[in-house]
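So that you can tell them apart, the chains are marked A, B and C in the order they are listed, and the count of residues begins at 1 in each.
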Amino acid sequence: MHDKNDHSAYFYVLPAGAIILLFHVFPVIYSFLLSVFKGTLKHPMREFIGLSNYAELVGDVSFWKAMLNTLFFSVGSVPLGILIALGIAVLLNQKIQGLGIYRTIYYLPVITSIAAVSLVWKWLYDKKAGFFNQVFDMVDVAPSAWLQESRGLFEVVFSWVHISLPTSIVFFGTEFDQVLTRIAHGPSVALCCIIAMSVWKSLGYNVVIFLAGLQGIPNHLYEAAEIDGANRWQQFKAVTWPLLSPTTFFIFIMSTITSFQVFVQVFMMTPFGGPDGSTSVVVFYLYEKAFKTFEFGYASAMAYVLFTIIFILTLIQKKYVGEKVHYGG
Amino acid sequence: MRMRLTILIALTLVLLALWGCGPSQRADEFNKKGQLKIVFWHAMGGPLGDVLNGLIQDYNESQDKYYIHPEFMGRYDILEQKIIASVMAGRTPDVAQMYEGVTMLLTRDEGEESLQALNPWVEKWDGWNQIFPAFQENSTYDNGIIYSLPFNKSFPVLMSNREILKLIGKKNPPGNWSELASYAKEIHERVGYDKELRKPVLKSQAQNPEDIMGYAFAVDPWLFEVMLLQNGGQMANEEQSEVYFNSEFARESLNWFVKGVQEGWAYRTEGYNHQNEFGAQKVAFIITSSVSQKFMQKKLNFDFAVTPVPSGREREVSIMSGTNVAIFEGIGEARTGGAWDFISWLNSPEITSKWARNTFYVPTRRDALQRPEMQDYYKNVEGASASIDQLEIGDMEPRSSAWYRCRIILRSYMEKVISHIEKGDDENPDSLIKRYLDMATKRMNRELSKYHIKRKSSS
Amino acid sequence: MVKSHARQKQFRALLVHFFLSIGGLLMCFPFFWMVLTSLKSPQEVLQVDHWFPHQKAFYVSVQKGKESVRQVEILENLGDSRVKVRFMDRNVIEQVESAGLEHRQFLWSNYEKAWNKVQPSFTRYFVNSFVIAVVTTVGQVTTSILAAYAFVFFVFPFKNLLFTVFLATMMIPQETLLIPNYLILSELGWIDTYMALIVPWLAGVFGIFMLRQFFAQIPRELFDAAMIDGCSKFGFLFKILVPLSLPPIITISIFTFLGSWNSLLWPLIVTNSQEMRTIQVGLSYFSQAEGTEWELLMAASTFCILPLIVLYIFAQKYFVQGEAASGLKG
């Protein structure tokens, strides 16, 4: 009876299907079309221009700076976030009392509105009366400009050991030297501030996933290792880490994908792209091109490049981790 | 069976609903007094917003045909963004405040203009001939089409701390840029701030005085452009397809700021901080828009002078700032009439005078200057004449729809130059200035080439 | 031997608690600082070394129908119930009635002030966020239930293809959809209306996916028995399946609600007028327009965050459980 084709199924799928097709599938095609056309404000698709938007993107220093900033953000926030989250999860897994309370506390930042929380951190970083500078003042350290500091991390760290990096590297003799300079100087202190805040915000999320993964490792494996004379660190290396690696890899890819899409924090904490444009990440630059100056074709090209990168990353994740999704009690 | 029928009906309804949709302007609305609602988007906040709201209330109560519904958009760039978005969505306000670049953007595509040409109304209006020529030009576009009326216009003014001037024996504020530089330098060397007495004193007569700077500035192309013009240069060519910010005039102007920072008497601040520093008497001179006085008024409890922006070498010229008001297309005859009634009312002698006297913006028409209350204001209020005197020598920035982006580019390169100087780089400032202004000009020209003014006569 | 082992365990436990507590403090500190700041006066906010609000003198008066609370420094009691004070906001010295002087430590009035500082007021923003989140959640849950049901209990042509397409959309980042959706909504004339804020999110593959997994675990016999008993396919869904599926439904509801409530980029783009702003959008405009009144900004942040914290404390189980199990972001 249930093996016959039942066309009434279409009515069930229709509501979701219509919305998804119209607003989630069709736009992908539309986006590409927009990127290969040029037009007016009210009619964005007037003239076919082929791949010239993409060519222009390649020569756009601001785009490359945005990509670099995004890369810095990703490299800065993902490994750090994973390490700390793993550490916390391991601690939480130690069968201590109050696990629930700790988990609540660590997960709290995750569910709060990122816009509001970005404001709070912006205030913590305030130059004049922010908490961090107040602490610096108490221990007699010079205040930092934090979100307005364009100096790179490497530049600052080197300066502590009295090495000063060249202020600007002249290699190509064009604007692209700015990109080289930024690579040499490292992510600006402003961007690092945003990285710190992002790690704080998403920590709990990764902790919970790690915890579930840790709790899935059968106890008898640890007991067997202990009998074999392994200490805690060796147990971690031999049992925990290998068995956790699917989870770790999953979190790694997911965090990377999310980090490429960072926007709200940047928008709230540095609404103008930060000192020297050093916090302008790809999605921020996209937003400015699309919704501040209404260059839809160009912005669509950028969106498509971003889409390609993320699509590839997601494919990797799906392929390696597979459908490890199950609803458990 | 019943289920399928229900779903089918629901679907049909949805499709009908979608069909009925489509971008459209809102319908006419009336309030209880029978006045037609005119929506006005602006970015006047704080004390300026209070004055504007007062004026709007006056207008609403003074006649019974229209009432203005103002919506405050927060900042200019947000206002601009929302205006353009509303045009794309097909649902615009009736009147809005906007810079020339936006006006350009909204009218540059032939056949798709989103603003109404005001010529038919202007022709029947006796006020146009009284509007200052600089403002007339500012609102007139290709082929003589008038797209706006002036609204809140200002000029740069020099604010000087009179007490500090007295300390170095000068009676009057500096009149030109080299005077400003030399006064500022001298003040930085000789004058300090006594924390206990809470006032500036001569360093020689104080114990442990804090440093006082000569000149504080936020990096902004405005003054840089004024100096450029004053020294005989030009900002752009006539078609506004090319800018000249890498010319010797441009380099010379930027060099004035660079030298100040190098020699230590000038420094850069963020946002509006230079105004705060001036108010705290930590710096002797700042140049700001005349309207800033409105915000600073309550915080200046010392003797200060307000004079026109310093003059340069060749030309007597200044650059206006501020916006105009324009009326949107497609809002219907009734609301267009109301919108015009409002913006021409704003430009009536009595109201533009009231606006100017309460905000430190300049009046937009000549006959307003003749009014007794305006004469009184001009003579007796510090800072009134400083901007009004520049009305006859006002020029404007390029009006290309890409100008907003160009300005951002110019500003970011100026910032880079100043940053390098602040860090105390070895590089020769002249080559630094040349390199960055060259890059800035190249990028600006690229932006302009994408959007330069389309002549309506060609296709 | 046993004793020292126990002591070792105790010491280790203590160490674990120590590190976790420090971490926990770091997690919560920003919220603590936020609330502290929200209770300070504008002058106190800028004073360094004054972390906890202390007793301050204020001159309270009613101006234009609104209460005005201004911090003062009391200079001299002039007798005759008049006092010489320095108003700290304008740095002017005036003589005022001593009756108007009040001492306050925590400035709860900041909350009311921040609430009304925006146009029309945060009330409207809360209403918007709530309506949008509720309708979106109900919508997404409904469409997901229907679609998942079809994928599990029906056989129809192109079923697998359709499902693969749905699945594929999970790999598309929101940013790619922004511009085209914006243009589509412009064409439909839905910009700056509830339609734009809700309709594109009335369906989501996350919910479909999760429910499909759950439905697939329902024993087939249950379905067959119901069919034999003459139950319609819709009846089975409504009367039997849905009540059984409450756990995943609740999880999906919470994540959808959360996602909708906290979203910024999409509502930012599709709304123009003040009346259509959501809480997050309103907060972003508030911070950009009034950049430096930190006590008000922190008050606003506090009441923006509070509702979700309350929801979280009550429905904690579902938050954590759903996220850990699904491993998918809402």
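Keep this in mind: a contact is a pair of C-beta atoms (placed from the backbone, for glycine too) under 8 Å apart; a residue touches a chain by one contact, two chains touch by 3 or more.
Quick caveat, the model's predicted, so the values are computed rather than measured.
On a Cα centroid basis, the chain most remote from chain A in this structure is B.
Across the assembly, the chain pair joined by the most C-beta contact pairs is A-C.
Rounded to a whole number, the gap between the C-alpha centres of chain A and chain C is 20 angstrom. Put simply, the C-alpha centre of chain B and that of chain C have 37 angstrom between them. Within chain B, the positions touching two or more other chains are listed as 3, 85, 88. Multi-chain contact residues, meaning those touching two or more other chains, occur in chain C at positions 183, 269, 288. Of all residues in chain A, those that touch two or more other chains are 8, 291. Across the interface of their complex, chain C is touched by residues 1-10, 12-13, 15-20, 22-28, 30-31, 34, 44, 88, 91-92, 94, 96, 98, 102-109, 111-117, 119-124, 126, 128-129, 131, 134, 137-138, 200, 203-205, 208-209, 211-212, 250, 254, 257-258, 260-261, 263-264, 267-268, 271, 283, 286-287, 290-291, 296, 299-300, 303-304, 306-307, 310-311, 314-315, 318, 324-329 of chain A. Residues 3, 18, 21-24, 45, 71-72, 74-75, 78, 82, 85-86, 88-91, 298-299, 301 of chain B are the ones that touch chain C when the two sit in their complex. For chain B in complex with chain A, the residues that touch the partner chain are 3-4, 7, 11, 77, 81, 84-85, 87-88, 105-106, 109, 112, 114, 270, 404-405, 412, 415-416, 419-420, 423, 425, 427, 439, 443. Those residues of chain A that touch chain B in the complex are listed here as 8, 11, 14, 40-43, 148, 150, 167-168, 174-175, 276-277, 291-294.
Note for the complex: chain C touches chain B at residues 90-92, 119, 183, 185-192, 232, 234, 269, 272-274, 285, 288-289.
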